[in-house]
Structures are given as structure tokens and as C-alpha cells.
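So, here's a batch of structures to check.
Next come two complexes, and both contain chain A; in the first it sits with chain B, in the second with chain C.
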Partner chain A sequence: MKPNFTAFGKKMLQYGLVLFVAITINFLLPRLAPGDPLLYFFDEGTIKELTTVQKQLALESMGLGGSLFEQYLVYLKEIVSFEFGVSIKYGLPAMEVIWERLPWTLVLIGPAMLLSAVSGVAVGAYSAWNRGKSRDVSLLTVMLTFQAVPGFWIGMLFIAVFAVQFGWFPTYGAVSIVQDGTITGWLKDVALHLVLPIATLSIATVGSNYLLTRSSMLESLGQDYVVMAEAKGVTKNRLIFNHGLRNALLPVYTHFMMNLGTLIGGSVVVETVFSYPGIGRLLYESVVARDFPMMQAVFLLITIGVIAANILADLTYPLIDPRAKSTRYGKGGS
Partner chain B sequence: MRKSTKIIGWTGAAMAGAMLLFALVGPFLIPYDAYQQTGASFQAPNAEHWLGTNDMGQDILAELAVGARTSLFIGIATAVIATFIGGIIGVLSGYFGGWFETLMLRLIDVVLTLPFLPLMLVIAVYIGPGAFTQIFVITLVMWAGKARQIRAQTLYIKKAGPVLAAKSMGAGHTYLFRKHILPGVFPLFIPQFVAAVNAAILLESSLSFLGMSDPLMKSWGSILYYANNRSAFLTEAWVWWIIPPGVCIVLVVLAFSFIGYYLEEKVNPRLSAYVPSPKRTKQPIALQQDLLDSEVVLSIDKMTVEYPRKGVFMPVVSGVSLQVHKGEVLGIVGESGSGKTTVASAIIQQLKSPARLSVEGIYFEGKDLQKFSDEEIRTVRGNQIGYIAQAAMNALNPVISIEKQLAEAVLVHHKLPVAELNKRIDEALLQVGLDLKWRHAFPHELSGGMRQRVIIAMALINRPQFVIADEPTTGLDVMVQVEILELLQRLQKELNLSMIFISHDLPAVLKITDRLAIMKYGYIVDGGQSAELAELSTHPYTRRLIDAMPLLTQVKRKAVLTK
Partner chain C sequence: MKKRGLCLLAGTILMLGACGEENAVTGEEAAASADRVDNLTIGLHTDVGPLNIYTGNLDWMTDLVYDKLFSPSPYVDEPIPWLAESAEQLDDKTWTVKIRSGIKWHDGEEFTAEDVKFTYEYFRDGPANRHTHHVSEVPKIDVIEIEESGDSIRFECAYACPSLATITFADLPILPEHIWSEVQNPRKFTDLAVGTGPYELTDYQSDQSYQFEANDDYFMGTPTVGALTMPIIKDSTAMFNALRSGEIDASSRTVPAELVSSFAAEKSLKLAGTSALSIVQFGVNYEMAPFNEGEFRNALSLAVDGQSIVDTILLGQGKAGDKGYPHPASPWTNPELSTPFDLTEASKAFDKLGYKDVDDDSYRETPDGKEMTFAIKVSAGEPIYVRTAELLVEQMKQAGLHFEVKAVDATTYAADIAEDNFESYVSLIGPHGVADPDQFIMSHKSGYLWSKEIDYPEMDKLTSDWMAASTIDARKDISFEMQELYNSQPTAIALYYPQEIFAYNSAVFDQYVESLGYGIFNKYSFLPEDTQQAVSATQPELID
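Up next, the complex of A and B:
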């Protein structure tokens, strides 16, 4: 088996370009935006107290001295050594804050992603198999509606109904302030805090998984190999899963991996609604507090996450589609 | 177009129209200023304030009407700009190609890969919150998807016949654009625009909810932003403060996705052949002993198949009766559309709705296949009746190895130990002249002829006595066609198969069949012993077919006809 290096190399160049653009956006925005650039690093009170010399020194220490090009080189050097500056709000290195928040986002996104994908694919396949019947039409309507609902609004309704009215779940955060001190108690607490955010994120993203599976499944069910398989006498379940869904999954898988970025975007609003201490909420908080170093670091990290997901998709795709591997036998004669 | 598609389209248009009307006249009709305190705080819906008031005593219905203006304005303005920019870049890069296209494609990929919501937030916060900022950042991420799709469409039109013809006659760029490219691409702009409105309204609400809206311009998203920040769900007020703005967003977005669905189906209908089949029920089956005694394997009695066309059922197969005897090869010949493949599908009960089958009986080994239940007919397919599909179409599952597809064909009918199963697969491959190394291959690694061999192996692996070969040589190279034909002929003799051989290729059919049925417009117009028919038929259609056979000399023709 020989992987196709040129195609892979091209993809890598593309991802490199994405990273480069993200870094450059981070670099240019504070420098091009109107107003005192120091405003992006200190609060106004501090700036007023500074002397001109101090300001100059501060600018230089922030990498804002010298020509734009010199600044850029300094900036790149910092990025490469993972120095994203110090958060204004927390007074800590940005990376330190991020590492603390990242696990919460992962426990939120991971299950939501899985739930949304599995249910979207299952319901989509079921809907396609029953194309045109009333259950297909009603599922389609429900899913189109899910897709039209803003995630934050679902979250607000969930809080109002399930957390406040019924009191089944906590209204905000990832853990309760009061703990009984046991590990199981803590785990239960964390799980309870996760239920509503995961449900919200899943509902907000299930629509696109469903729609894609349904249309992809409709296409594969109309293919000759399904007719042939039926003529072979395969059972209904094998027809649906081995032949229809197995082929329909290919575009769904790619879409799913490539859309991790959308999901992280979705987590910004969902974490905001539930005051969930993940990096999505961190991004929002730093936007509100105008904590620019923090904000830039989170943005860059999310971009790196998206690129990683894309690379993973590229690397794993041949596992589910044999046509993506190069031919092992050479093209046969007749 | 399906009726349901039309209903969906009109529902969407009505919903969007109603919202637009609400946005236009709402603020004039509602007697409250959305920005002023016009009542006590947290009033529940009442006769004065139909949807109650918020914490500041502002009328929520008035807020919604003003918010409708903002949301629709930002949604539509963004969609117009994004579709316009995306359209221009798409058309230009698709039409001119070259470095401009390469550059734009790279840029599009970058924009589509970047996490869009964080990107929008980061940029918006530097420019400062406001309607302009929202339009700007949403456009910034949205043009790319539009550009990509419109480029694809332009490329397609550019390579179409009329454009190439105009070009070869010296048409200039202006002429081509005016007469061909723009009229061709424009219909695609509209569904793109509708989808953009949809996405822009959702994005606007998210951005507003994250505090990126103009504080002096109420939108549905910003109403929810304030409701959230002031913990509306801790009070009873959530019912009238949180639900209505969200419902407005859902209704508008849904309206535009309905319209988009309708337009998408109109411009670019999804062509899927799949329609679910109705469930078959078990019925008592009587054995027709006289058919068995006369060694008739298959007997079709007056088969008619109809398809609806513009609401009326039209026959594609009309009163066809056929019989196949043990060890005999019956050829069905006709042009495409003559109904021959429909007959084959009807025999193994694989006609797809909305086809309507009416037949006195399809007797296979004396039993009427029509009366079989789903499970009963399944055990016949591939087990007692082999079906050889046309390999040029993709009759093999592209993601399953040859070996597994062959194994599946056996295992759905018989439980076999692994060793025996492996032996059976090897035998089946060798029987059709395939090297065993192809066992582990996937269909795309095989040539057309090899794939046809695999399909024959698959049809014969359960050793059925009756086989339907549906255009088994179509789409293959001439030399390969001959090989496949010879293979089928050899296997038929060796295994003493009864066979229906369907083809539009008369020389091939004459070579392999004992008897012939000639089909035209759904009728069997002529029939008889193959050799006799070729020599003696006086039916004008049969004569035309036979006389059209490209043979070098009269002598050679005779040699072929008499085998």
C-alpha cells in the first residue's frame, strides 16, 4: 500500500495556509483597528498613568515597536514557542487558562458530537428507507425545524423548563460549589451539569447530519448494487445497512469531521447560555472583557483544533472507502 | 415536481410574506415605542400588552416588530452582498481559470476551514458591535461557499456544447457572458441567495446574542441577549419574554429553508430512483402440476406493467406471455425502452413503485411467484433464480471486497462452515475464469470484463437452475463481449441452465439462444426458434433488425444464422 503523497502534501500546504491566515489575522487586527493599540493590552486607567517613555517601553515589550514587518517576525517567534501573552482579566499566561478550560469543552463536545452523529445517521437512514411515507415527512419537518432553531434559544428554554420549573438539573456551570467530597458524588454532579448543554448542542447540530444522511442514503438506495443485492436475496437489514447505509456514510463521515469547527462555534453559544467553563465561554468572556491576548489565543487554538480534525478526516477516510487507497494489484485485464 | 414540494414551497413563501408584512407595518400598528417604557415591568400578556412587557416595561410585541426589521434587514442585506461577491468571484474564476482561479480557490478553502463563529467574533470585537459590523463579518465568511458553488456551475456551462460552438465561431467574451454564461448561472443565484438569507438570520441572532449587536437597534437576537443577561428564566416572564423572539427566528428561518427546498428541487431535482415497496403478505400457493410435467421452468401468463405518466397509468409491458423450458435459453430482444428489463424485474418481484403489475400468473417451478411473501421471494432470489446484472452499471458494491460479496450471496441462503464457504468462493471464481488473487480485491480494482465475471460468479454461486441475464455484455469492449458471451454459453451447457437472455444485441442473442421473443413498445411482436426466425420471419420489425446486422458477406451471415 502506497499512500498518495502528492495529494497529502497539497492538503498539508492548504492547512498550513489556514494556520498562517489565522495567525496573520491575529497579528493585524489590533494593529489596524482604530484607537490606541495599548488599549488592546491594558485597561484605560493603567494607560492614563503611564508616561510617554513608559508607553514606548510597553509598546516595545508588547511587540508593537519597530516596523510592521519586524513586529511580525517577533510575533511569529512567540507563536512558535507557544507564547500567547498574558491574559488581562486573569493575569495569567493565556495558555495556562486555556489548559484549565479545555477539558470541560471536550467532555461537552465529545458526547454531543457522538449523540448528534449517531441519531442523525440512524434517523436519516430510517427516513430515507421510508421515503415519502408520513413518518418520513414528519421526521423531515422536525429536523428542518431543529436546524432552524438557534442553539442558544434551545438552551434558554431547557434552563427555564428543566432546570428552573422542574428543578431536575442545575442552571449553570460545570460543578456545584458545595460538594460531598466523594468521587462518585463529584462525577454525578458533573454528569448532571452536562445533560442540558449536551442535549442543546446535539439538537442544534443533528439536523445537518440527518439531512445529509437522508439524501445520501436515498442516492445509494437507488444504485444498481442495491438492486443487485436484492436480486441476490439479501435480507432487508443487510440491504439497509451493508449496502445502502455503508455507502451513504462516506459523505456523512467527511462532513462530520470537517464540521467540527461548526460544532466548536456552536459550543461558544451553548457554553455561554449555560455559563459552562469551557473554551467557548472563555472566548465569549474575553470578548466581553476585551481581553485581547486571551481572545487571540483561544481563536488560534480553535483553529488548530479544526485543522487537526481535518487532518484526522483525511488520514482515516481510506479506512472506510477502499477507493481512496491506491490499487494494490494494478488494473486487471479483462 | 411532486405535489408535496409545491406545498412546502408555498407554505414557506406565505410564512416569509407574513413576517415581511409584520416587519413593514407592525411598528406602525402597534401603539407602543419599543425603546420606551410603556408599562410596568414584567407584565404578563394582557389586553393592553398582548405579549406582556420586559424588565424595563417595554412592550414585547413592539420589540418583536422592530426586531423583525433589523433581523430581516441584516439577513437580506448580507445575503445580497455575499451572493453578489461570491457570484462575481465564482463566475470569473470559473470562466477565466488560470492563476486567478487558483488563488480564489485557495482563499475559499481557507475561509471555509476557519472556525466561522469565533472568527466573526474576533473580527467584530475590533470593529465594534453594530449592524454594519454584523453584515461585514457574516459576509466575510459567507461569500466563499457561494463562490465555490457558482464556480462549479460556470465551469459546467463553459464546457457545454453551445458555448464551445459559439467560441469556435469566434464569439467574444462579452457575447459569451451575455448570451450563455450569465443566463445559465443566474438561476443558481436564487437558491443560493435564499440559503444565504436563512444562514445570515441565524448568524445574526447568534452574534446579537453574544453582544455584537448595536445596543440602539433591537433585533430578535438582542432581545434574547438581554433576557439571558437579566436571567429571565428565573422569573415567570420567560414564557412571554423568551419564547416569542425565538419562535420568530424559527419561523423566518424555516420559511426560507422551505423556499430554498422548493427552488433547489426546481432548478436541480434530486434524481433518486429509490421508492419504498409495499409490504407483501403471505398467500396460499397452489402447485400447477401440469406445468411441472411439461418441463416448463418459468411461465408468464399475460403480464402487463404500467407506470403513471402525468397522472395516467401507461403500459410499458402489454400482455406478455412467455415460457422457458428446462435447459432452454430464451432470448428477449428489443430496443431500449421496449420493456424487456421490466419483464425481468417483474419475474423476481423487484418492480419498484409506482409500477403497477397485473398478470394472470408468474409460475416458477409450478408456483406463482406473485403470491410469495417478502421472505419467501427472498429465498428464491439468488438461490433458485440467479440474476446477472449489467456490470457496466455499478452492480457491485464499491466498498465491499469481492470475497465478502460472494460470501454474502451464499450466507443469506445457507449456513456453511468457513472452510466450505471458502471452497465455494474459490470454485465460483475459477468457474468464471478469474484468478484467486482477485478474491480480496475491491470492484474498482477490476476491469469491466472482470466485474462482469464476478457478477456471473455471484449469480451462479448457489447453483440455481434458472438464470436471468439482463444485458450482460452491454457497455463492454467488443472483444470482452465475445469472451463473456462464450463464458455464458459454456456455463449454460455445463450446468444445463435454463436461461432468459435479455439484450438489444441481435448477433449475440442469435449465438446463444434457442428461442427468441422480439419486443417492441411493450408487446411481443414476433417469436420462434432463433435460427428459423432469423431466416424465415416475415415480420417487418424482425426483418429490419436482422437485415441491419453488420456482416461482411451474405455467406457469412448465413454461417452465423445457422450456427
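Up next, the complex of A and C:
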């Protein structure tokens, strides 16, 4: 059947509107917070020594001269021309700083999300199948504990045990400052630096994937079609994966896709605990420095990430659940 | 003609053996190479960018790369000539400085008098930075000219400037003209800093690390550490874990009081205690009632028990602020200053001013019977200051005053202080604010401690006398009077003088010295011993 492009076009228009509103909020929000970038360059004592003219000149040198509306127009013009301003703190084009940090965030958050989702779904399904048994109760207890414990505490514990006590892993950073000059040495070094942050992030997020899968799976397993399949003698694995899990996966997939959108924003907590140079820390540092162009660029990137993940979810839902085909884009059902 | 500082220069130069530079350096090199450490890894608690003083500044880091005409700083009694070979005061307002020859910038260009002239004019006439007022207001340098000889610069001030060598020359880093004259916008300049200092900045990765290589031809001796590696670790737990695991050899973050005993138990680590040359202060908004009354501020000062704060919050790691403001360890501070805690006298003073508890709610009311509640603003990112503010609330309650703590994020706090949007605050002020006598004058003009827009006849008179004084001794006497006046009605009350404790792995490097106001991380720690002695660097106190 032919896809309904009118409905798809409406959806895209809707996303475009969301993007425009987000862009405007990205511009206004940093400026509504108390303080301005002058506070990054001058301490509160020195700033009092500046005359109004000196302050104005300093702001202009950062590209923040003119009225709010004038700055907004410049900002829109920059976006249209795919320029995103120059970071006040770093003195470099905001996108250049982002491209430098993004790979670190992706190699940290990507594997952690996958690990958390796959293990959460697998253990959740297993737990649901064994509902009420001691192994289910034990798993539930462990996962609820993971869910309740703050991520930074897990990270600190890992560092204290595996880095300080045993010396197996480095305590900070994404890569050692001094290298042996070989690619394999560098890759090994990067991997070593990633182990504890990925483990921390995975454990901190696996609980929600587990709980979601378990409850969704329990609902699925209670349906008549599962009872019917079991009565027909369908094998256990087929029953779990084809009848139970496949139907239970939709909310888990939605949850995953929502997280995927924010992946690009990194994890402030884990990146801070491990002094990891990702986007999460970049955003935090930019907020503290009131680095408006940098904040705008990172917020925009996150916005685009969320919208892209939503579009991707819309397009891939039918692959997970064929019933979605008939409702996603109008009436063109199967 | 008055001469000042020249004998001091000659003496010091002789001591350093810098007159016979070639021989001296050779000797130093020989001595240094014996103990030289190849690499030292110092965990850095902050990121100050590529050491562009217009976008980020940490004095000791800047000092690794740049040099000043005099060293080590304005915080010592008699800084010695550094990039300057000598300096002579020709009259009340005029100085001439002869620069050293044979010094090169890290990129190989020759250092010249033009660089000095350019730097001072750039600070004075260019975009504002923290050094601007040191050339444009206190003191005010009108003329900067290179003399015919080509290696001397003449400075003419708008009014007497007897401390130009000891304060200004010891504070302003010299920039390379051949680089900075080409910079269009210093706030967007991201090239690695190029200086004449003992270390060349060879790599900087934002929020990750710095790498420095020793300048082996350094004119004050070959550095004793070949390379400095500085990973940026902002989280304090991560920093101390890295130190314990041996990934770093020292931490620029000071050890908090509660961790001192556990670090002291680590066999591989040593703890060095230094004076922070800073004050944690309780500031008030002197433009609003009742803090606009000098006598009220004096009573407030009497009600502050700094010792209790030191004992309770710092576990003894510091000294009570009972010697007032500026810092008592500064040679420019009146040694007779005293701001004792006396609750009885404070109560009497409040009563005398008419602030009494008329409704028996344990808190005083204004003379016209209105209730008073004040907020103590504090940065939520500084837990020690938050706890200090909480204790202050209790102390003020003893005096019958109702204060409340208002903790806000660091940037909001800074914005509120800068815009006078506060009733009172607790914060730390560093060496530049509490040990630099010119800054004390400036802080009374700028609005930090007082504003030139508000009448203060006694202080204004003293400031005029200070500006007219043509000798350092005369200025010191007047400064002492100003400090007494200030502490009799302080707008920022000294709560305590913190002590800084640094932890380091002594097996890797154990030649740290303290340069007043800089702790143990300063360029002199990495220079030969005779240079350390020449700049009055001292051994830090080791903590058991």
C-alpha cells in the first residue's frame, strides 16, 4: 500500500514547529537566569571596578551587544546558516567544541544504554516468566536497589574499589595524557577508561528497563492468546519471545527511544564523577559560565536529538508492532 | 632625586649571581640536573583555558609561563627584580626600569623593552582586565616611554607612586608584543600562551589537561622538573582518589579538614600547610539600613565569634579573624589591628543605637519598632561557607539579630553580589583583595568595600593623604590608619583566615616551597634553591 505522505508531512510540520519553539526557548532561557557571561571573566570584586562603558564593550567583544531582539535575530540568522555562535568560555565556534566532545559521549552513553536495555529486557522477561518464585523476588530486590541507589554513589564506589583499591582501572578522564603512540595502545587505554563509567551508567539505568519489561511482560503473559498458545503446546522459548516479549516490547521500546533522544546530552553525573569530557559536563560548565552560545548550541543539539528519535520511533514502530501500521499515518491500514 | 629599591636590586642580583649570568646559570644547571625530576603530574581543580589572562586566570599557572618585572608578588615586603635588571625612582612620580638582556620568548623571539611598554599600555588602554586599575587608577601611569638606550623604560604617574616597583611591577605579567599586537579580540584569543617563564605551555585540552615543558634556558635557573602534566579533575572525590591511586603526584585542591587525618596516615603522601592569605568574610550591604550606620557595623563585628567557627567547622584548620581586614600575614597590614569577639559590648552598642527587643520575641527591633530579618547570601557550591553562614545565624541570634541563610547557585550568587542584590553575604576573598595595599584603596573606590559615590569624609581624607605620600613608609603609616578606621566600622567582617593543606607524593617530588599567597604550587617550587631563597620562599609546615 502507498504511505500517506500528507499525514507524514503534517507530522513533519508539527516537528518543525516544535523545533522553532525550542529554538526560541533555548535563546530566552539562558538569558532569564541571573547573571551574564561577564561573571566568567571577572570576579565579583573586579566587576565592580568596571565602568558601564567597559562592561558594554566587554559584552560586545563576546558578541552579546545590542538589544535582546537584535541578538535573537542574529541567533536565528546563525542557525539558518548552520553557524551556532562562538563559545564565550572556550573562544571557539560552539559546534567545534561540541564535535570534540560528542564522540566521548556517544562511546560512553551508547554502549551503556544498549547494555542497560538488553540486560534489563532479558532479566525482566526472565523474572516475569518466573513470577513469584525466589529467583524473581531476588532479581526484583536487586533491581529495585539499583534503581534506588544514586548513580554518582555507584560510580564513587566503583572508583574506590576497582581503581584505588585494586588499581585495575583509571580513576578519571577519557584517555591518558601520555600515550605510547600506537593505535592499539590508545584503543586499549580508551576502553579501560570506559569500563567503570559504562558499568556505572548501565547499573544506574537498568532498573527502569527491568521493571518496565517485567510489568509489561506480566500483562502480556496473562493474555488469552498466551494461554491459548501454551494449550496448543507452543515451546517455552517461542512462548516467551514470540508471544510474550514481542507484545510486551512496545512500552520498553518507547522508553528506549525517548532515552535515545537525550543520549546526545550525555550524563552530567557520571561525566562529573569520572571527570569524563563529554557533552553533559560541557553543558554544566556552560551553564555555570553563562556561556549563552554554548548553552544554545547544546540545547539545540539535544532538541534535534529528541525530535530525530521521535521520528525514528514513528517510522520503526510498525516493525516492532505491525498493528501500528494501520494507525500511524492515517487510514492506510494493511 | 630619590632612589628606591636599587640597593635591594643590586643586593639581590648579587645574591642570585645574576650579574654573572652565564656562570650562574651554568652552576644552577649543574645543581639542578642532579635532582631533576623528569615529569610531575599535578591534578588541577579548575580549567582556566589556554592561559589567556583575558579569559581565565589562576595566578600561579599564569606565573609558570609569564614573568613580571619584579617577583614574586606584591604580597611580600620586598619583591626582587626579575625581568627588570634594576629600577630607579627619579622623583615622586617618575621611575625608570632597565630590563634584562638576552631573554627570549618561548617562540624564540627576543624579549625587549617594547614588550614592557606594549603590555603596560595594553592593560591601561585596551580591554579591561583585573590588572587594568593597576595602571589606570591606583596608580595612574600617564606616560610610558622607552629611553634612548633602548633597554630602559620611563614611567610617569599622575600622582605619587612610590610603590610602583614593589606592587605594580610585581603584579603585572609581561606579554609578547609580537603576538598580542596582532590579537583583534583578546576574549576570543585561543592560542597557547607564549611567555618568558620557566615553563612553556605545549598542550592544552579544554576540561582535560595541560602539559608544560621546562624552559631549560630560563634566566633564573634551569627548572628542577622537566615536564609538568596537569590533568583537570574538578570533582574533589575524584581528585583525592586519583592521588591515593598514584595516578597523580599532587593535588592543587586543598585537603578539607575532615580528610586531613586519613591523608596523614597514607605513607606515600605528605601534607604541607600554608597560609592561604585569604579571608572568609561576612559582608553587609552598607548602602541599606541598618548596615549604613558605622556604629551598627562595629556592633555586628563585636558579635562575631570567629574562633567558634574555626573550631566547629574547620576543626581548627585556620585562625579566627580577630585581627580584622586586610590579612595579618601581609607586610602591608597594621600589626596592631584587633577586632575581638565581645557579645556584651555588642549588646550594649545595639541598645545604645536604639535596636532593642521591645516585643520579647528574642530579636531586636529597629528604633521605630519594626522587626528586622536579614538574609545571608552564600554560594550553595561552597558547603563550608554555607555551614559558616548557619553558625553566624546562631551567633547573631545571641546578639538578638534575626538572620537567615539563603544559599543560591554560584553564578546567581556572583551576579547578586555584583549587582548589590544582597543584605549580607559570606564569601572568601583572596590575596589580591586582602594583601595588595593598592587593591585596598581600589576596593574603597569601586564599591566592593565602599563606593566613591558615597561620602566617607574620614576615609576620603586619608585616601587623599595616601595619594600624596611620596615614600613607601609614609604610605604604610597612612594605610595603617585607614585599616584602623575600616575595622572600626567594617563593611566586610573578617570571620577567619583559612589555612591551606596540600597533599603530595614526596617520593616523586619533595622540593615544594611556599610563596606567600600562592601555596606550594608556584614556579619557585620548580626553580633552584638559591632562586627560592632570593624570593623569600619558605618551607611549608608539614602536617603529621
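Quick notes
Assume the second predicted complex is superposed on the first by the 259 of 334 C-alpha atoms of A that agree within 3 Å, B and C clash if a C-alpha of one lies under 4 Å from a C-alpha of the other, contacts with A are read in each partner's own complex, and residues count from 1 in each chain.
Heads up, the rule we're going with is that a contact is a pair of C-beta atoms (placed from the backbone, for glycine too) under 8 Å apart; a residue touches a chain by one contact, two chains touch by 3 or more.
Given the structure is predicted, the values throughout are model-derived calculations rather than measurements.
Legend: residue contacts after superposition of the two complexes on their common chain; A:Arg131 is shown touching chain B, with no touch to chain C.
Once the two complexes are laid over each other on the shared chain, residue contacts for A:Ala229 go to chain B alone; chain C is not touched.
Of the two partner chains, neither chain B nor chain C is touched by A:Ile311. When both complexes are overlaid on chain A, the residue A:Val288 reaches chain B and chain C alike. Comparing chain C and chain B on the residues of chain A they touch gives the larger count to B. When the shared chain is aligned, chain B and chain C each come close enough to touch A:Val273. By the touch criterion stated above, A:Ala148 is placed in contact with chain B alone, chain C being left untouched.
When the shared chain is aligned, chain C comes close enough to touch A:Val86, but chain B does not.
In the superposition on chain A, contact is made by A:Ala160 with both chain B and chain C. Applying the stated contact rule after C-alpha superposition, one finds that A:Val298 touches chain B and leaves chain C untouched.
Comparing the two complexes, residues 33, 156, 159-160, 163-164, 171, 272-273, 287-288, 290 of chain A contact chain B in one case and chain C in the other.
The residues of chain C lying in touch with chain A in their complex are 39, 41, 47, 49, 52, 54-55, 127-130, 132-133, 185-190, 205-209, 211, 229, 231-235, 237-238, 241-242, 244-247, 410-412, 414-418, 427, 429, 433, 442-443, 445-448.
For chain A in complex with chain B, the touching residues are 14-15, 17-18, 21-22, 25-26, 29-30, 33, 128-133, 137, 144-145, 147-153, 156-157, 159-160, 163-164, 171, 215, 218-219, 221-236, 238, 242-243, 246-247, 250, 261-262, 264-266, 268-269, 272-273, 283-284, 287-288, 290, 295-296, 298-299, 302-303, 305-307, 310, 320-323, 327-329, 331-334. Contact residues on chain A toward chain C in their complex (touch as defined above): 33-36, 38-39, 41-50, 54, 57-58, 61-62, 86, 88-92, 97, 100, 156, 159-160, 163-164, 167, 170-174, 177-178, 272-275, 277, 281-282, 285, 287-290. The residues of chain B lying in touch with chain A in their complex are 4, 106, 109-110, 113-119, 121-123, 125-127, 198, 202, 205-206, 209-211, 221, 224, 227-228, 232-234, 238-239, 242-243, 245-246, 249-250, 253-254, 257-258, 261, 270-276, 348, 350, 374, 378-383, 387, 389-390, 393-401, 408-409, 412-413, 437-438, 441-442, 444-450, 455, 458, 476-477, 479-480, 483.
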